[in-house]
Amino acid sequence: MDFGSLFTNVVAEMIGPTAIAYALAAIGLNIHFGLTGLINMGQAGFMLLGAYGFAISTIAGWPVWAAVLVAIAAAVVFALLLGIPTLKLRGDYLAIVTIAAAEIIRIVGRSTSLSSFTGGSNGLLGNSFKESFSGASPFPDGRFSLGPFTYSMNDSNSWWLRIVGWALVALACLLVYLLMRSPWGRVLKGIREDEDAVRSLGKNVYGYKLQALVTGGVLGALGGIVFTLASSVQPDSLGRPVTFNTWTILLLGGAATVFGPVLGSLLFWGALILVRGLLRGLVPETILSTQQVEQAGWVLVGITLMLLIVFRPQGLLGDKKELAINVR
Amino acid sequence: ACSSGGGDSESTAGSDGTSAGGSGEGGQLHFGTFLPVTGSLAQLGPPEIAGVKLAIDEINSAGGVFGSDIELTETDSSDADNAAVGIAAAQELINADVQVVIGAASSSVTKNVVDDITGAGIVQISPANTDTSLSGYSDFYFRTAPPDTVQGDVLGNLIVGDGASNVAVLVFNESYGISLRDVVQGVVEDAGGAITYGNAGQEFDPTETNFGTIVSDALATQPDAVVILTFTTQTPTIVRELAAQGWDMSKTYFVDGNLQNFGTEGETGFPAGTLTGAQGTLPGAFPAQEFQDRMKGIDPDLKDFSYGPESYDATMLAALAALKGGEATGEAIQANMAAVSGADGGTECTGWEECSGLIEDGEDIAYQAVSGVGPFNEANDPSSAFIGVYQFGEDNTYTFVRSEEGEVPAS
Amino acid sequence: MSTVIDLSIVHRGAPGGEPLLRADNLVAGYLPGVNILQGCSLVLHPGELVGIIGPNGAGKSTLLKALFGLVNVRSGTLTLDGEDITNLRADVLVRRGVGFVPQTNNVFPTLTIEENLQMGVYQTPAVFKERLEVVLDLFPELTKRRKQAAGALSGGERQMVAMARALMPEPSVLLLDEPSAGLSPVRQDEAFLRTRRINRAGVSVVIVEQNARRCLQICDRAYVLDQGRNAYSGPGRELMNDPKVIELYLGTLATDVDAARATADGDGDSHPTDAKDA
Amino acid sequence: MPVQVIAPPGAHVRRRLVLLVLALLTALALPLLASGVAPARADSAGPCTPAADVACIGGTIRTAAGDPAVGVVLTIEGSGDPITATTDDTGRWSAQVPEAGEYTVTLDVATLPAGESPRDGTTTRTVTAELGKTKGALFPLGAAGAGGGATSGATPTASASTDDSASADASAAATVPPGSATDETGSGETGGAGTNRVLQLILAGIIFGTLLALAAVGANLIYGTTGLSNFAHGDLVTLGGLIAFASVQWWHLPVGVAILVAVVAGGAAGWLLNAGIFAPLRRKRIGITQQMIVTIGLALALLSTYMLFFGANPLPIVRTISTRLTIGPVQISEQSLWSLLIAGVVLGAVAWILQGTRVGRATRAVADNPALAAASGIKVESIIRGVWITAGALAALGGVLVGLYLSTIRFNTGSALLLLMFAAITLGGLGSPLGGLIGALIIGLVVELSTLVLPNDMRYASALVILIVVLLVRPQGILGRAERIG
Amino acid sequence: MSADPQLAGSHALPEVAEARAALAALDQVPGVAKPDPMLVADGVQRTFGGVHAVDVAHLEVQRHVITALIGPNGAGKTTFFNLMTGFDKPDSGHWTFDGVSLAGVPASRVSRSGMVRTFQLTKALSRMTVLENMRLGAGSQPGERMLTALVRPLWVAREREITDKAMDLLARFKLDTKKDDFAGSLSGGQRKLLEMARALMSDPKLVMLDEPMAGVNPALTQSLLGHIIELRDEGTTVLFVEHDMHMVRHISDWVVVMAQGKVVAEGPPKQVMDDQAVIDAYLGAHHDTDLGDDSLLDEGGRIDAEADAESEAELEEPK
């Protein structure tokens, strides 16, 4: 078994666009859940809208910055559409509404009725929208190796994307850091605990929830852009499993912490590659065929996930003390 | 270690080092499979993987290429729902410095990774992508799947020839189903018939499992024939529903994505006689039995052979292209794919031994695909394909009736 | 103010006899490393009514919860009828005849009043009908709302439901955590009297109260808890008049107001007959 | 076979000859076709077989009633001499044309069987022949005057139920009482084989809704008692179906026993999940959101395990296919009828237990306030254990019945239904089992009836839209209770 | 009129003394008009499934005084609070606060306009520290706007003020040692205290306390009453629900009695509490009798008779 290349693969995944995209989405979800207590089960919907917004407007010939703005606007509009009627719903009701809304976006996106914009189930091809982003890169073209990692400088899944992506993650972390320690963050936390109490103290709970939903959703949309810039726009690729993964990442890293979502994303994707790689390398073909190994890999990933929560329920960076206060 | 030279596909500057360092004259070939092992399309994976392995087995047992065996790295492309798995697998293959990636099965998954793979100078050959928008996507992207235009045309004419003027199409909303449907619809309508069900807007979800209403709606339009355009994930359920609602199954048509020897036993079996008389089209010029037996030699559990031949061909073509190009690099393979497929003519040959022998003798070859596809055209799609027509018997297995060849219209 | 003190009540329960419930040097807490009870002791003789008072956060509720197995006891011993019950599960204690009314969250909000009461005799469903009548007799205002969800009740009504629920199974030991909070004055008086009557009927009671005067009036003995430790203990009347206890825990408000009222009224007559404008 | 060779007066000798040859060939081919095993030889499919240098044009002509129209003459004109072709006893005709290119096929109306005429009035079609292929030309027939419907019949619901409808084939009619097959003519809303479409959809909706309710009720119970949204519930449903499949197909047990085995297995799984995972989590006082993530991990592990053992193919619990019974204006398969019945009875029993029994109330009490429940002498943990066992068993039963109704079960059947299950219980009011049933029925009906107006692939989206709309009006769900504040 | 002259704060604002004095001249009838009403409710009705929980024809709450709202359990006091503060919607009726109509105004706006309430069943923000709970109660913190929140200097100064004030109140409420504990870990009484202290953070014009002292230790209650009186003297209007008659008598300037949703009596504390109807329905004639008296234990004793009287009164009284 080649541990060197396995290690390389693990690290590559951890610094790659998938980890970045999920980190952004999880930071957004952290604003929803960790800070405000909104159980948003539709983060993938925001990501998909971001992806569509970016890709469709790029295909329509808009420059990168405008396309990003369109993606953000799409997320904002969706957050408002979703939030204005539903934010008065409590906890689990909101969860099902958001999961349903995200699913509706996916189904409508892949349906034949809008295929002139969304490409229907074909989705939107990478080469139809990636160029303007790689064109915006200040770096020379070509491939570049840093240690064992070789990527193209600017094309799909490039160093350029990684740099921009991590910069976004850093910015998002800074944003959360500032907000979390501010009175604004305090109000959100209050809403998380008991919105009626906060209402009685004169805070416009509804407005705050909407702000949180929009902010987190925009981060999700940015995550969606990063994700599609390394792949293509496929509605099915930003469906329910993505939301589940994002939640896992958030709780793995620790909700209501600044770096939890980022750490969670790194570890989740790193662990995924590691677990499956180890299985592949260590289990002889006579016991499990290569195919079975992949499936068993998922079983292990699921179990690992459960064990992590069991043994570190507050997440890696979370506060154990908060957990001890039994809310229910 | 920094090499930011010109990145255009002609340049082999970056890969010179690799090709010189290998054993033999040209270095070692390293292929990767990028096929679904998990996820909702997992049942498509085994025959495809078996096809690749069969080809590599045959090549390696004949001494390999450039004096060394072809190395194979298998990865899981999963499905579009778990895109991140596929993306990671693609990165893994890129990191492993493969020269050829065989996959993916689903067009959606392909689209997620094709930029990365081809951008790294790796030849990607899909055995199953039929989405027309992938035609000519990249110089490094090929496919051995028969274009829908050919199969759909044959299928449409088969239906029309059987006198069906009102045709109901049970089609799922995936590019595979929709583009086949469009072709069939064209043929049927040109001939004066009509699609009574399955028009735009009547596609169902690819994850649909509840077909009662869909089937009864389709049958309510009083069709003369029913075409099933889905993968094997949904087909058995649809067949059962059709039979339960009293449809005469002899007027049912299958396609390569779901034509399967269902049999009367085991998981896939239907009661004897269920499918008697139903027909299906399957790309491939030759009666497939002998080839299927060879595939079973690789994976004895195989029941379904969809896209196995295409995968085999993809592997063979890539290996031959490498041999012809004289080095184990993506660029060399890419440059010679069309040539070995017979795009510029050449001696027709089948199998590794014959074809590699011809190449080593310096001859131009035209590899005769097991799947019946013709040489690549400018868009790296098969330019033509043989389509076999098959008919089900009492035991729900199909037998060969005849085959037709179709050209891919130049786009 | 009545001064009738029947000393025979105070020492009922035979001092020197075996205590029914006994807690020795209890140490307990919620968060790891933080002890709320820091060596609390309590003795309850059969047939006794014992009160616990103390400032907010002293650990009174924690003590009751510890007795009832709802808080983990870290050290110390707990015996019921001579048997060790430290950290026994609550339902086991219920089977052994211990009843408990928590301070907060003391009803099942989505269950109707009747269902709430039914839960009170969960382990002995056969007696439900009979006990229901008895208990509804005690709280007649609950009768007409039997089918209403307890969550919709007013604060005081909830309190009645909570008390009623605890009385359903005829426990032999009753642990009450502020049963009078939120009740109207006359209902409070009733609650205390009822407690006494129950006690008289043979139930041993531990009652935690912030209505400290009332509590001390009715109980045989009382403990004053402060910061998780026993601060004072003794017969209720003694504590009530102990200046230290008054200063630290009881306050002088009631006496002040009464005094002021007495002055204003001019005489001790507390039965004004003039005002009748409602 | 109603062979009706109508030879008009003065027919060519040559045509006779062609007929003869055709008849001979058909006679040769027939036994082979009838045996059902088509020979693997290319030339046996018909008179003209396309080859690399052969192009064919052909088709089949049927009367309005669907019988082969025999002896119909067609003329094919293009390059070279005109060619005539005549339909054989199966209504089939074909002609070999000399080269690729455009040909005009003309139907000789005079040779048509009595009373038949081209439905759309067209008697000529242009066909582009290609080497190596058979190109078709269609001449659908229909009674004069009744035509038009089918030519514009590209719209599906406008229904091609003109007179050619009887061509819907004999076997369909065989399962349907005679008479019902004829009364549908011209009626826009008649469904397949003589059923009323709207009623049929409603029935389908009710069955689907009931089964969904059964599959979902366990999730509702678990939510109701512990507050946990169990994302692995769908996989418990799948488990039932898969166990039933294995019992019937692998261990050859009768279906009834298989259902029992599946239910027991489901209950055992519920017990195991609680004892092995969730009871310890509760003991450690781990938050409900964390537990929810654990269920996500569990769902992943279960799904992959199923795939490992059962593969990705759809699996039939029973291999036989039972045709549908017709009851009044609707059709229903016997399996579905049984499923509906069992589900109805079980749901009723569950509702009664929850509302009418002490233990049922105790589950609600535990849901409301576990600490107080313990203080009331309820064994909270054993109630929760019981709920998990029941939930597992009910999910498994739901899985079997869903598998029977949908006719197959797959490793992801349950997880694909999960969202609908959650939607149903949310719609009804979380934690309210009766509400869950109502919610599920609404979802089932919307899913089925939405196809009347919406594209097919939007049917689930429409159910979700309904969910959102209802929650806007009643934020606590249909039967949920609003909370008191203060 | 003062219940207790010695408690009329010497440093009270003149208008406060004036407002209190003005009460003396009023008729003691339900719904009487006050000279300077802060809160005026008209025809406010709320029914739950046929039961009239609140049915207030007219009620005015005088500015600058302490008004107590008393009444039997289930009289509708909490529901009335909920309606006034926008946490519940009445079936009919309108009301004004400080001259502004508040019908249909959301709870948060009501609170911001200066009418702050506490909850009978406390709503501590469990996983926030006590100090954070307090800070949240403060108004006009620019840092609570999202964009300003990002620029720390824009709000630190105000934050410091808020913190100082919070610490001050916490000390008064004996919660200062708990300031860094999670509010969820407080005892029942401590939560009540936190709830009240938090409501006072925003310097409300009218503070509505729902049974603030239930469960609070008597010694502490006593010291807190002083604080409430001080608040009034500084100009805050107080409306509170309480069952502790000592407290009502000690600090209230005016008492409103509710029963079965209706206002059934109003007046200065002494008069109201001496009102036989109120005594029958609510207080019980001997609520200050020593309950240690064994004679009370006999069935059919005096208290029982009173309890029965209350039940009957409840049934008959409102028309």
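Letters are used for the chains, namely A, B, C, D and E, taken in the order the chains are written, and counting of residues starts over at 1 for each.
Heads up, the rule we're going with is that contacts are C-beta pairs under 8 Å (C-beta built on N, C-alpha and C of every residue); 3 or more make two chains touch, one makes a residue touch a chain.
Note that this is a predicted model, so its numbers are computed, not measured.
*Asks:* Taking all protein C-alpha atoms shown, work out their mean, then name the chain whose own C-alpha mean is nearest to it.
*Replies:* The most central chain here turns out to be A.
*Asks:* Starting from the Cα centroid of subunit C, hunt down the chain whose centroid lies farthest away.
*Replies:* If we average the C-alpha coordinates per chain, B ends up farthest from subunit C.
*Asks:* Starting from the mean Cα coordinates of subunit D and subunit E, work out the distance between those two points in Å.
*Replies:* 64
*Asks:* Whole-Å distance, subunit B centre to subunit C centre, using C-alpha means?
*Replies:* 79
*Asks:* So what's the Cα centroid distance for subunit A and subunit B, whole Å?
*Replies:* 33
*Asks:* Taking each chain's centre as the mean position of its Cα atoms, how many Å separate subunit B from subunit E?
*Replies:* Chain centres of subunit B and subunit E, defined by C-alpha means, are spaced 77 Å apart.
*Asks:* In subunit B, which residues are in touch with two or more of the other chains?
*Replies:* Subunit B, residues with two or more chain partners: 38, 42, 173, 201, 203, 205.
*Asks:* Two or more other chains touching the same residue: where does that happen in subunit A?
*Replies:* 107, 110-113, 196, 240, 295, 298, 321, 324, 326-327
*Asks:* I need the residues of subunit D touching at least two other chains; which ones are they?
*Replies:* Correct list: 304, 307, 455, 457, 460, 483, 485.
*Asks:* Can you tell me which positions in subunit A touch subunit B when the two form their complex?
*Replies:* 5, 8-9, 12-13, 16-18, 22, 107, 110-113, 119-123, 125-127, 130, 140-148, 150, 152-153, 155-157, 227, 230-232, 234, 236-242, 245, 269, 272-273, 276, 290-291, 294-295, 298
*Asks:* Could you pull out which subunit D residues touch subunit C in their complex?
*Replies:* Checking each residue of subunit D against subunit C gives 358, 361-362, 364-365, 367-369, 371-380, 431, 481, 483-484.
*Asks:* Going by the contact rule at the top, pick out the subunit B residues touching subunit A in the complex.
*Replies:* 1-7, 14, 37-38, 42, 45-46, 49, 74, 76, 79-85, 87-88, 91-92, 94-96, 107-109, 111-116, 119-120, 131, 133-134, 137-138, 173-175, 178, 200-201, 203, 205-206
*Asks:* Going by the contact rule set out above, which residues of subunit D touch subunit A in the complex?
*Replies:* Residues 223, 227, 229, 231, 277, 280-281, 284-294, 296-305, 307-308, 419, 422-423, 426, 430, 455, 457-458, 460-461, 464-465, 467-468, 471-472, 475-477, 483, 485 of subunit D touch subunit A in their complex.
*Asks:* Give the list of subunit C residues in touch with subunit E in this complex.
*Replies:* Against subunit E, subunit C makes touches at 1-6, 9, 30-31, 54-62, 103-104, 140-141, 152-157, 159-160, 178, 181-190, 192-193, 196-197, 200, 210-214, 217-218, 236-237, 247-254, 256-258, 260-261, 264, 270-278.
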